[in-house]
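Scrolling down, you'll hit the structures one after another.
After this come two complexes, each holding subunit A, first together with subunit B and then together with subunit C.
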Partner chain A sequence: MTAILSVLQLLIFPAGIFLILISCIYEWLDRRLVAQFQNRVGPRWFQPLADILKLLSKEEIVPISVNRTLFILLPIFAFACVMTAALYVPMFGMESVIGYPGDLIITMYLLSAMTVSLGMAGANSMNRFAVVGATRTLTQLFAYEGPFMLALLIPALVAHSWEIDDVAIYASNHTWMILTYPIGFAIALIGLIGKLELSPFDAPEAESEIVSGVLSEYSGRGLALFHIAKNVELVVGLALISAFYLGGIGNLLFFTIKTLALLMLISLLQSTLTRLRIDQTVGLWWQIGALLSLGQLLIIILARIL
Partner chain B sequence: MTEKNTFDLSNIDLSKGNPRNALVDRIRSWARINSPWAIHYNSGSCNGCDIELLTIITPRYDVERLGVKMAGTPRHADVLVVTGSVTLQSRDRLLRIYNQIPDPKFVLALGSCALSGGVFHDCYCCIQGGVDKVIPVDVYVPGCPPRPEAVIYGLVKLLDVIKNGKTNPTENKPTLIPSESELIDLERPAESA
Partner chain C sequence: MSDINQTTGAALQKKKYIVPIGPQHPALKEPGHFEFTVEGEIVVDASIRLGYVHRGVEKAAESRNWTQVLYLVERVCGICSHSHGTAFIQCAEKLAGVELPPRAKAVRCIAGEIERLHSHLLWLGVAAHEGGFDALFMYSWRDREIVMDILENFFGNRVNYSVNIPGGVKEDITQEFIDGISPDLDYLEERMKFYLDLINTDVTFRMRTVNIGKISYDESASLGATGPTARASGIQRDIRVDRPYDGYDLFPITLVTDDRGDLNARFIVRIKECLKSIEYIRHVMAHIPEGELTTKMPRKIPAGEYMASVEAPRGELFYFVRSNGTEMPDRVKIRTASLCNWGTIVSSVAKGHRLADMPMILAGIDPCFSCNDRMVKINFGNRNPEIWTWDQLRKYGNNFYK
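What follows is the complex of A and B.
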């Protein structure tokens, strides 16, 4: 019985098909909000779903010079990573499906593995644009990953636990951490923008410079899987930040309101800020982001000692 | 760049005799109608059509509400929008871009030059006639340059083409694609020493 329940949780609810459909709605909201900020009408509500179905029904071309196995397996690996990460994160007002001490590290590792597989896909494509995109993706990964990780570890340090559910429960019983640790919140949110490669950190897939970055050679199924993986990563990231910094698990209504508010903030930043060069991105993260998150960490440690 | 076709499910006609497959076909064609991603190629245009084409993604006309997205690479695109008469220089590139688009693919010829050669008809550096001499064209949008409304009307006509079942990739293939070396021989006869 428990086995059937686990399979259902894995494939249908809360991970699996349900999460894919929800992430489609989040992508639509993001695109719609950006369109509204740009004074446009924007896409219809079923647009991401139609895009994904169309990509899945299109031909997939494997270029002759690539490693075929990697080219076919990397999208599946990236997709599997984010779907697994979704199991550890409390979403839609419920506790996470699986929880054990240390799952925060696993989740962050899985989210990074998705970006790494994206970079590997680009490097494997043997296309000059994809290779440049892969270089930028991995460079950017090393830029934001440290501060982003520290920003997610701050609530864990405060709650004395490495388990996401414990931290979320601690967060719901105390003052919202966005008020007590605002620097950590800002770094986590901006780190999420970097992770999703949205503007201003969209140098890896800058359409005006390097056609579509790492995904230049992908078509059909591979592109669709990377597309879904990015969307699910958006939902997982929003859920993680709202659980840590915006008062814990809450219920379905509060989860929706909090994540939509965060999404609106991300869309606003996306449509107002211009693209940073890759050296500016790295400089920003290591000169300002890392110092700020280390400072926040220092404050916590000093407060605990004194 | 040569490429191999894999996972080419779209070549298999699934719709015969099975209602479930008919449903799959319907979902597929719904998705295709609602998400035509376009790539724009200038094969020798004076840039007038290109400027008019770009206005359709601006706030005033915004074709994202029809699901149109400008793709960066031919690998992501469904619709190839060609402007301008095809010059001898750009013909091979046009063919290559057309071949890089995964099936099913559609072509929209934009402007008088793409339709017939326009003012560049009989020019020494262009092929005689329009884009359809090189690749098969689904929808023609006349005008010099066409107004953005006309471009959007052409796009909607193209969606009708997709809806009416012209999604079989075998029909989409050009009747004859000469190889690049053959093309060069065809157009510029080798100088006899």
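What follows is the complex of A and C.
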């Protein structure tokens, strides 16, 4: 019975099909909000879903020069990574499906593995735009990953637990950590933008320079899977930040309100900032982001000692 | 020996990592081919290949009468169509010895300045998009629609509005026009001030434009840059001021320069030019001279040669026209502003910059691809490449594409 339940949880709810559909709604909201901020109309509500269905039904063209196995497996791997990560994160006002001490590290590892597989997908290709995109994706990974990880570890340190649910329960019983640790929140949110390669950190897929970056040669199913993976990553990231910094698990209504508020903030940043060059991205993260998150960490440690 | 060869070979291979941009690429709105040799992200060499949209306009002009050619040359470039028409018809009028009535001159000036407004707004959007600032792109193109509406309402078309006719203009500046355009100009002025403020203050935008694509005064002068590209490097070069044509001698205009020479300066120069244009349109409308709109123009233009230059939104647009006394021009030579400005990218600016800056630097000169593609130069072997008859050229062309 438990086995069937686990399979259902993995494939239908809360991960699996349900999450994919919800992530399409989030992508639509993001695109729609950015469009509204930019004085445009934006897509209709079913557009992301329609895009994915269309891509899934199309032929996948495998270029001659690539490693065929890797080319086909990498999108599946990336998709599997984020879907697994979704199981560890409390979403829709419920506790996470699986939870054990240290699952925070696993989640962050899985989210990074998705980015790494994107980078590998680009490096696998002979396409020059994809190769440049791959170097940029991986460079950017090294830029934001440290500060982003620290920003997610801050609540864990405060709560004395590396289990996501414990941290979330601690967060719901105390003052919202966005108020007590605003720097950590800002870095986590901006780190998420970097992770999702959205503007202003969209140098890895800057269309006016390198067409579509690592995904230049992907079509059909592979492209669809990468798209789904990114959408799900958006939801997982938002859920993680809202559970840590915005007062824990809450219920379905609060989850929706909090994540949508975060999404709005991300869309606003996306539409008001110019794309940064990759060297500027790295510079900003290491010169400002890393220092700030280390400073925040230092404050916590000092406060604990004193 | 073989070791040396191998190492140099490997070094060469490592060195030559070429990122091609074009002929089809999302950054390009028209076909052109650029090859950037990069080391990591740094561009070490750049080359350019144009000629994908050669349409043979100059040859076509030789088999049409003067009025038809006027409409033909307006189609050389959709964005500066009025400038092309003006430059061509100036040559014809000068050859025929026709003096324009002052009111027609003023109308031509107003049309030219409205064209400059819409061209600079279009450029602002494209350049912002190349830099990844889509909000500015959408906003400026929304504002450009106002200018397009003005053009449509008063000149009949959004592009290729054909204000000029031989010996005058076809549209009058009526009181209705002045009343209609005034609130739009006020709004545009407000928006332009907003954009100027944004370009000077937005932190991320300044990170992408300040000290990027810098061309010094000397470089710009020696490479023969024209238009806002040259003026952004501090060169005092503007045909409207240097050799006033049409109504610019009746209503003088002052030029806008900036001496920093980087991308940011080019943004500022163009936006300030827009503000200047708005001011100028208001001034001319308030003081427009009374009189006729057209004069009599002969069907046959007396034999002779004439050269005319017009300050198009992108820089100096040059026309050479030769007449043999018939109803058709004998030769029409066009040299557009973009062709003068390409050199500034390939020879000096590109090297040393990052790949990510390239689209913005390319867009910085406001390139227009299809109006470049004039000349056919065939270069092969030791045969004299210059002298080719039309039949030889056709034969070569047929064989080439066989």
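In the analysis below, the second predicted complex is superposed on the first by the 306 of 306 C-alpha atoms of A that agree within 3 Å, B and C clash if a C-alpha of one lies under 4 Å from a C-alpha of the other, contacts with A are read in each partner's own complex, and residues count from 1 in each chain.
By definition in this document, a contact is a pair of C-beta atoms (placed from the backbone, for glycine too) under 8 Å apart; a residue touches a chain by one contact, two chains touch by 3 or more.
Note that the coordinates shown come from a computational prediction; the quantities given were computed from them, not determined experimentally.
**Student:** With both complexes overlaid on chain A, does A:T175 touch subunit B (first), subunit C (second), both or neither?
**Tutor:** The answer is neither, since A:T175 touches no partner chain.
**Student:** Contact-wise, after the overlay, does A:N251 reach subunit B, subunit C, both or neither (first, second, both, neither)?
**Tutor:** It touches nothing on subunit B or subunit C.
**Student:** Is A:L273 contacted by the first partner subunit B, the second partner subunit C, both or neither?
**Tutor:** second
**Student:** Just to be sure I read the superposition right, which of the two partners does A:S6 touch: subunit B = first, subunit C = second, or both, or neither?
**Tutor:** neither
**Student:** Looking at A:L223 after the superposition, I want to know if it touches subunit B, subunit C, both of them or none. Which is it: first, second, both, neither?
**Tutor:** Touch partner of A:L223: subunit B, not subunit C.
**Student:** Would you check which partner chain A:Q287 touches, where first means subunit B only, second means subunit C only, and both and neither mean what they say?
**Tutor:** neither
**Student:** For A:E207, decide between first (touching subunit B), second (touching subunit C), both and neither.
**Tutor:** Once the two structures are laid over each other on A, A:E207 reaches both partners.
**Student:** Name the contact category of A:Q36: first (subunit B only), second (subunit C only), both, or neither.
**Tutor:** neither
**Student:** In the overlaid three-chain picture, which partner chain does A:Q47 touch, first (subunit B) or second (subunit C), both, or neither?
**Tutor:** first
**Student:** Both subunit B and subunit C contact which residues of subunit A?
**Tutor:** Residues 38-40, 129, 207, 211, which sit in both footprints.
**Student:** Can you name the residues of subunit B that touch subunit A in the complex?
**Tutor:** Subunit B residues touching subunit A: 1-10, 27-28, 30-32, 34-35, 37, 59, 62, 64-65, 67, 69, 71-73, 75-76, 78, 100, 102-104, 169.
**Student:** Spell out the residues on subunit A that touch subunit C in their complex, using ranges where they run on.
**Tutor:** Residue list for subunit A touching subunit C: 37-40, 128-129, 132, 135, 199-200, 202-203, 206-211, 271-280.
**Student:** Tell me, which parts of subunit A touch subunit B in their complex?
**Tutor:** The contact residues of subunit A facing subunit B are 31, 35, 38-44, 46-47, 50-51, 53-54, 57-64, 129, 207, 211-212, 215-221, 223.
**Student:** Give every residue of subunit C touching subunit A within the complex, in rising order.
**Tutor:** 17-20, 25-27, 38, 40-41, 128-135, 137-139, 142, 202, 204-205, 207-208, 354-359
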